[in-house]
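Here it is, the structure, as structure tokens.
Chain IDs A, B and C follow the sequence of writing; residue 1 opens each chain.
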Amino acid sequence: MFIALRDLWRSKLRFGLLTGAVGLLVFLLLFLNTLSATLLDFFIGAIESNSADVLVYEETARRNLQASRLDASLIDDIAAVPGVVEAAPVGELTLTAQIGEDLTDLSLWGVDLDGPGRPAPIVEGRPPGPGEVVMDESGMAEGFKIGETITLVPSGTELDIVGFVRDRRYAVIATAYLDFAEWVAVFEAEFPGTPVVPLSLIAVDVDDGLDPAVVGDRITTAVAGVEGLDRTTAARGTPGVDSISQSFNLIVGITFGIVVLVVAFFFLILTVQKLRSFVALRAIGASVGYLARSLIIQVIALVTLGSLVGAGILRVATLGSNPAFPLSVDGRLVLTVTGAVLGSSILAGLLSVGRIARTDPADAAQGIR
Amino acid sequence: MTAINVDDVTKIYGEGHTAVRALRDASLELRDNEFLALLGPSGSGKTTLLSVIGGLLAPTSGRVTIGDTALAGMSKKEQTRFRANRVGFVFQGFNLVPFLTARENMTVMGSISDAPRSEIEARADQLLDELGLTDRKNNLPEQLSGGERQRVAIGRALVTDPDLILVDEPTASLDTELGTQVVRLLATEIKTRGKAGIMVTHDLRMVEYTDRTVRILDGELLDEA
Amino acid sequence: MQLALAEIRRRRGRWASITGAVAFIVFLVLVLAALADGLFIGSTGALRNSDADALVYSVDGRRSLVRSQLPLAMRADVAAVPGVADAGALGVLLATATSADEAIDIAVIGHLPGHPGEPTRRSSGRPLGSGERFVGLADESLRDEGVALGDSVLLTGSSQPIEVVGFVSDSQYLLADTLWVTLETWQALRSEVRPETIGRGDVVQAIPFTVTDGVTVATVGSAVDAALGNTETVTTDEAILSLPGVEQQASTFTAIIAVSFVVVAIVIALFFALITLEKRGQLAILKAIGSSNILLLRGVLLQALIATVAGYGLGFVLSRLLAFVLPAAVPVEFLPRTALTLFVATIVMGALGAVFSFRRIVRIDPASALGGEA
């Protein structure tokens, strides 16, 4: 403590610069994590936070909702699978919508309002009735507010927004939910003369206490041409999710490694610089343990301070973030990242401890300058 | 009472034909309250002897006993504690910690030795006063003159109230007046506090302040001059 | 000079540390850039390697190659606008196919061979003939999925296999492999895979066109929009950035890379400042024996140059090695231009860091060499 804090205090510039560097790197880590979490949320929130236990896709769709096309007749087959309480149709259609004066993309979901896949819980407003929709609340940024009316282009169908749900965005565009029967009408208006109205998914609720993944497998086996998946598997399996999360994991991993290396290198250099002092302190009776504790205290102080700086920058950065892409400071993420960086940095600091342990206190007496 | 007993100590550095025999069958006895000058040219083994007595170097053969403690039987850990609690070193290069102030270079012993911190701090202030450093106590080593640094190093050696004070060339970088002053100060501290002290020097003028002189040449101790 | 080199040689551990730190940061930025480039390239190939100068979309299609709808008949109207050299047509069908028991995402792009909008980088096989049915050019990325020249690809929901008669490179669309077919084939496939679109009749997604020499694309674009009404004409470059996610990705990565760069600068400057601090005594002696500041600066710069060049080299090699172990889902693309830019930037940053630390050398008082022990 004694040595550690005084050394920190007397080398403010050095430690300040390093704290800044660690802070920026931690910010980068936090920022990347936040970015990827928000991105994934926007991308597959509608699947990951769906109210249904199991989502059934067309087998050849590769868990791609937009490529999945199911026939309504399958609903009864799926409902008959043991463990299935109820099965309901889900249709998704991405189209252009006019809200106020603006044209924007809209992902329109037709669901059984009381069955599996229902838009719930409603966080604001009320469930939709005829000619009404509830939206994912992030749509606010694009101008979708309760009380506004959406006009679908080019069909001209009008839909009133009466409520909001949370974390139910899909494919990074504004997402609305309405009754399945109305969705079918929208689909037919969008594709005049269509011979079929394909379902995108079939949403399934399973018996209490049953593992959705198991029931999903049962459905896959029992019904030809479909694949039943629990929400998490379905969300993670959505094409593109892999690319996004792996790309980000890669960057985060590398950045993490760099934080640790920078801390390790820095302390190693500092240690080598102060080797004479360490030798002298060992000669006058300081144990390696004592010096190691001093060094580790410095590492902890520095990384903690750096993480605070990083979290602070993130806070500032999120203040200026685009409302269409809400980035927020997740306290648990900050703690996790700080903890991981701290743990690894302490390990990295042991490198320097090793260097101190290798010194020979007898050298102090030799008067080597 | 016998404070230091060096019995037939030999120290060899290196191996084979590059081996250097720094000490040959050195024997020495020192009583409490005794201040000994170890006199010899450079390379004669003075510093090695000091290191062996202070528990910094293990002798190749022979034994060293401090009070009733044999150094040979100690583990590394015990040696470290021995140095922290019972030995006061003043190294040739002073070896002050550059990022600690004059006072902190002394009080740092409060976290290294087993002595209570408050005791160390009180003694540090007293020593700063005795050594005439009170005005300089908040200066870093780089802001101190050579003599001041030397005195801080002496203060650090005395602050734990050790049984044994080992001083290596205290006057090497000081002028005669300052050198004399520093050695006189050391002698006073050793005498008034009842310690055993060894001072390595090659400056004959400093001998008058010590009780006894032992000469060392090529690692061999020659009796009093 | 001699001194600078000797120091690096004698203090190998320390300089290796600096080089290592630089290497890892270079590695990070290179991989970031490769990811950004990979995403950009994989998303935009279909439009980037097109010979069209501009694309006409429907207004409500909002520059989306999937949602825009225009009657095919409009192609003649576009071609008739003064300044338009030639007009083609583009239709996109997002589908899946099964190859070697693996389902793959395929963007089937219908176009008019010989007219604007066709892929320009054919790597093997033969070009498509006008109106030729159920043959296609596959993107090179389909080779990785096990598709070879002469193989047939069967789309899910379709009864007609498409024979691959050639390959084109760098023609991906939003990270999906592409299969380029004639407009006629595309229409046939669409009504099978997406029967609901039958009622829409003869529509395409966009009309790409080229302009005659001497006129600007923007002027012609305005003329097209004026003549057709209810269309939005954008240059190919704009169309590329308007692809879903492309601009956001680009700006996100630019932000990440910029932050990384700030960190590079600080860290490198920090290391050099440290090294210089440590050498203060030694530099004081050199100044005392008559070295000029310039001479010392040259040494410091040379050291920075060596450390950054070595660090860059190491980071570069590391990033290339990473490409071997990356999962296929991560799109990376190493562009020589990006690597070169980063090379120059790293050296400049290193030099700046060195100069920053050099200010400390200038302030060293040669007399302090005589003061001795600190």
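The criterion applied here is as follows: a residue touches a chain if its C-beta (ideal position, glycine included) is under 8 Å from a C-beta of that chain, and two chains touch if they have at least 3 such contacts.
These figures come from a predicted structure and were not determined experimentally.
Of all the chains, the one whose CA centre sits at the greatest distance from that of subunit C is B. Chain nearest the geometric middle of the protein is A, using mean C-alpha positions.
Centroids built from CA atoms put subunit C at 25 Å from subunit A.
Between subunit B and subunit C, the centres computed from C-alpha atoms are 68 Å apart. With centres defined as mean CA coordinates, subunit B is found 63 Å away from subunit A. Residue positions 369 of subunit A each touch two or more of the other chains.
Among the residues of subunit B, those touching two or more other chains are numbered 93, 98. Along subunit C, residues 373 each make contact with two or more other chains.
Residues of subunit A touching subunit B in their complex: 1-3, 6-7, 10-11, 274, 276-277, 279-287, 290, 361-362, 364-369. Subunit A makes touch with subunit C in their complex at residues 14, 17-18, 20-21, 24-25, 27-28, 31-32, 35, 58, 60-62, 64, 66-67, 69, 94-96, 103-105, 153-154, 172, 187, 191-198, 239-240, 242-243, 246-247, 250-251, 254-255, 257-258, 261-262, 265-266, 268-270, 272-273, 325, 369.
Listing the residues of subunit C that touch subunit A in their complex gives 13-14, 17-18, 20-21, 24-25, 27-28, 31-32, 35, 39, 59-62, 64, 66-67, 94-96, 98, 103-105, 156-157, 175, 195-200, 244-245, 248, 252, 256, 259-260, 262-263, 266-267, 269-271, 273-275, 277-278, 326-327, 329-331, 373. Considering their complex, residues 47, 50-51, 54, 56-57, 77, 80-85, 87, 89, 91-93, 95-100, 104, 107-113, 140, 156-157, 168-169 of subunit B touch subunit A.
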